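Some structures are shown below for you to check.
Okay, so chain A shows up in both of these, paired with chain B first and chain C after.
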Partner chain A sequence: MKPDRLLKWFLYGYLGLVFVFIFSPILFSIIFSFNSDRFPTIPLGGFTLKWYETIWQDPDVWEAARTSLLVSFSVATIATFLGFTTAYTDYRYRFKLKPLYLALILLPPTIPLIIMALAMLAWFAKIGLSGQVFSIIIAHTVLTAPFAMAIIRLRLSQMDESLEAAAWNLGANQWRALRRVIIPFCRPAIISSFCLTAAVSFDEFAIAWFISGLNKTIPVVILEIVTGNIDPQVNAIGSFVFLTSMTLVIIAQVVLMTKNKTEKEKHG
Partner chain B sequence: MADALVEFDSVVKKFGDFTAVERMNFTIDEGEFVAIMGPSGCGKTTTLRMLAGLEQPSKGEVRMQGRVMNAVPAHERDTPLVWQSLALFPFLNARENVEFGLQMRGVDAATRRKKALDWLDRLEIGEFAERDISSLSGGQKQRVALARSLVTEPKILLLDEPLSALDANLVIRMQSMLTRLQRELGITFVYVTHSQSEAFAMADRVVIMSRGRIAQIGTPKDIYRAPDNRFVAEFVGRNNIISGKIKSSSGKSVLINGSLGDFKVSLGGRAKPSPGSEGSFVIAADLVRLSSKKPRAGNQIECSLISEEFIGSVVTLFLEARDGSEFKVQIQERELADMDLKHMGKVFVSWDPERAHYIGAD
Partner chain C sequence: MPVSGKRTQSALVETTPKRLLSHLLTFKNAVRLPIIIWQALFFIAPLMFMVAMSFFIVRNYRMTEAFEMKNWLKMMGRDYFWDSYGLTIGLATLATLVVMTVAFPAAYTLAFKVSENTRRWAVFLLIIPFFTSYLVRIFSWYVILAESGVINAMLGYIGLGPYIMLNTKFGTIVGYMTLTLPLVIILQTLSLANIDRSLVEAAHNLGCRPWRTVFRIVLPLARTGLIIAAVFCFILSFGDFVSPYYLGGSKPPTLPILIVDTVKSGQQWPRAAVVAVVMMVTLFIVAFGGIAAAYRRRVR
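Now for the complex of A and B:
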């Protein structure tokens, strides 16, 4: 089986290259965030925490971090709630315009971000909501709710159809069956959808830049620092953002995977 | 005679244009073990779901202890169901699964726990009480599902093909457990299955369904030995069905003329058919004699051997009659060994008129 082994190593190598390609810029950004030189050049200068100290002392960065956290937490909560309710509606009920309903729900991610950002800006300006934290939350919820819905819908599709009826059969009314059976069953999907929507909102730049006004989020502040001058503190903020998002995404993945593993054992 | 616990009164169930159950009338007595049997799509599961309140009848009434149940929602009935898929809650352990029904009825935690553990013990799986469902074997899951349904002490237990996922040995063991449990508890079991052996082994009465209608209700023996119609005769057991014209009738028997000759069939309690009309009769594969010499008189068919199916102590022989029709004979393996069948070429099957069972024209 020599050719197979060769192919295997080739594919592993290929995969490795893909990862290098994706992660090396980020890795360099993290490395340079500890570099004492002002410009990103090799050989590296000395080790420093100067840039982290700078952003630590910058009230604008703190303000943006607070806004970002508030926005992403709120977005994750609302989007996951909407995602769950729409997915459950789809699972539970049959109605005439269901394909339309699904298409409508899954539409937002297909709209180019810049178009969506412009439309949101125009719309919020019209109804007098522009430039508020609230408006970023709404806009990000529109963007992320479809992801939440997709994740939870997938989980519901793996559920034994008798499970909910079994709860009714044992004396649970519809609400209690929902609370005691459907939600516990969907818990891993709900947790990972919460983490993923939080991560997407935390990273999202285009819409936030258009409609944030004075309530800047972290990505917006990063851009402002970069457009002003080349400053390694961007690397420091970048590392922080990367760490936050990656943590959320990894939590989401781990929660989903452990659940799948136990179910595989069950079927095996 | 015990009182009727459940009554189906002219019940019809339609799904859109499709009629799943058509004008069904029957009653189930208290403490009875009833099996509803039929091929897939015959409406047996729909019938069970109407009992559980998971489907509403389109017409007619389902009554339980005299009360009309049509509009009573599933969660307000006490009709626990053991699901084909078991439908155990994967995020709860065995004990918590059993406690679920009690919790929904507002039973306090200590009582709940005690009752659940009692039931798990009773079904001999007490040691697995705190185990995850995914770590239990098929038979253990089955017992958890049973405990979960019985813990609320219902008057009736519904079972929807609960043994279909188990291997043959386990099925036999679970069957005896279910029968024993039903006797001990004295409650009504309604057991839906497509398996004749399961239905006949456990039930007091069997309801055979075909395309939304009841084809026959009776004890397993009635249904096995005295099928009401062609459908039941074909669905149950190994039966040979022979059709022909009624030649004459005398007393309690008729003479039927088929393509293989004339056959005398006793009518049992059936009304006398008029000569010239169509009629059929059933002769069970295990009620015929097999011989190499032509019998002197009586019902007989000359056949040649096509194949044999060996299933332990009993062998089924597939024979072919003169007109090409198949004839099945079941015979003890021990008896067959004494006959040199392979070298016989022609064999004669014969039977007494009382052994045959007249089923009318259909």
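Now for the complex of A and C:
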């Protein structure tokens, strides 16, 4: 039994190291955002808030934050709507070319962002939409709708199909059944899809950088600072972005988990 | 024939405009069409236009619509293009091998050696990096890996280094790992957790040694999921411009960097489109090859 235990502890140690690798850039970024050295290293310099003060006083950062919030809120709304209609279609209907239909929505994340960015840049220039805030919104929606679809589809697969049929038999038309039965059942998935698509859009930089023109989002500002030189401001902005995204992700997760738990308890 | 008669009749009825409209405006289409229209306009059309653009020409700093092979001939005839192509494929392949190898013991542990609750928490933790800024993480690595950075400072205490890690292939691979490792561990864990435990136990009971069990039972059973994980890893590394640019020094540039430089330095969008189309064709081949290998029947 002894070598087995040894192997187990070795594997646990290995797993720990992998997690250290994955999380150290995030942790160091947060630590360095409070560190006074211009080029942060070990041993750490003194504690400071000056990087936060710098970004707080920077009107460009504020402008970018406003654009980012507007973009991610709009993206989340449209992507969740499109994701819901697609998930519901997939749940309820069978039709010819359905694999093609599903491919149409699920493919975008498999295409490298840089290619999507070039294609969007050229297409928006062609149809006269370049450099607008809503061109970023459109592009990000294409990118995030698949996530919304996947989350809501997963929820629908837990649904008892006879519920909707019962609503029809009791005289509800299809719209009413959708509004009163399907949407309430999907509410936790809709909320978490809203949060997650907002978080993805909030972090996306490649497409936003190519097509944003003068309407920079926060990641585009980060990209421009990083390209210039080493500036710990980035860590401060990064920590702010991290906090925002994490809040969204945690809300999404908590909403999904508590809902599942209460249902499990209900069913015994 | 009654059947064909019926069909003609209904076709006749449906062709009147009003009928046609009410036929189209059904509940089914109301939930089915939005995404079709949206993706046709903003996903398919841009990609098609990009392919067309690779045949356009640039005259007096203005792009003109045309159908000429000029960009293709120019790019295909340049050595630096093929150097970049080879480098990008090489780096993405290396990253895939490294990430798959590094991830496997971790995924194996999560799939077989921890409780289901721990596994769920681990997967949740692994999702977090997706929602943190990749750029900020790469900037963080830049500072950690620098010549006077965290790692060299720590190594300095025990009298080693400093080692040059930035602007090397090592730096690029660290960046690619930052991007792909969490996803690959999740995909590997899911595919390992789904295999039939009784087969593993049977091998064990029949006296199969642990290593042999991993290679002869676990890996073949989890093949589909593992190959899909590798394909995702390749696609993500192949298309990333941030790691080779900021950590790898971008000399020579990879294909994504070539696109960025071409677009940001002027009006040569058609040449960037050529690079993008070559990338897409390459990725299609890799993805289809991978899927074919993943679902191929086992030959004995």
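Here is the rule we go by: the second predicted complex is superposed on the first by the 250 of 268 C-alpha atoms of A that agree within 3 Å, B and C clash if a C-alpha of one lies under 4 Å from a C-alpha of the other, contacts with A are read in each partner's own complex, and residues count from 1 in each chain.
In this section, a residue touches a chain if its C-beta (ideal position, glycine included) is under 8 Å from a C-beta of that chain, and two chains touch if they have at least 3 such contacts.
Bear in mind the structure is a predicted one, so any value in this text is a computation, not a measurement.
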| item | value |
| --- | --- |
| Simultaneous placement of chain C and chain B on chain A, clash or fit | fit |
| Contacts of A:L243 with chain B and chain C, given as first, second, both or neither | neither |
| More chain A residues in contact [chain B versus chain C] | C |
| Which of chain B and chain C A:S162 touches, first, second, both or neither | first |
| Which superposed partner A:L49 touches (first chain B, second chain C, both, neither) | neither |
| Which of chain B and chain C A:L170 touches, first, second, both or neither | first |
| Touching partner for A:L6 - first (chain B), second (chain C), both, neither | neither |
| After fitting on chain A: smallest Cα gap, chain B-chain C, Å | 14 |
| Chain C-contacting residues of chain A that also contact chain B | none |
| List of chain A residues in touch with chain B within their complex | 160, 162-163, 165-173, 176-177, 180-181, 184-185, 187, 262-263, 265-266 |
| Residue numbers on chain B that touch chain A, as the complex places them | 52-54, 73-76, 78-81, 83-85, 87, 89-92, 100-101, 104-105, 132-135, 148-149, 152 |
| Contacting residues of chain A [partner chain C, same complex] | 7-8, 11-12, 14-15, 18-19, 21-26, 28-29, 32, 39-43, 81-82, 85-86, 88-89, 92-93, 95, 101, 104-105, 107-108, 110-116, 118-124, 126, 138-139, 141-142, 145, 174-175, 196, 199-200, 203, 205-206, 210, 219, 222-223, 226, 230, 234-235, 237-238, 241-242, 245-246, 248-249, 253 |
| In the complex with chain A, residue positions of chain C that touch it | 27-28, 30-32, 34-36, 38-40, 42-47, 49-50, 53, 102-103, 105-106, 108-110, 113, 122, 124-144, 146, 148-150, 153-154, 177-178, 181-182, 185, 210, 232, 235-236, 238-241, 246, 256, 259-260, 263, 269, 272-273, 276, 279-280, 283, 287 |
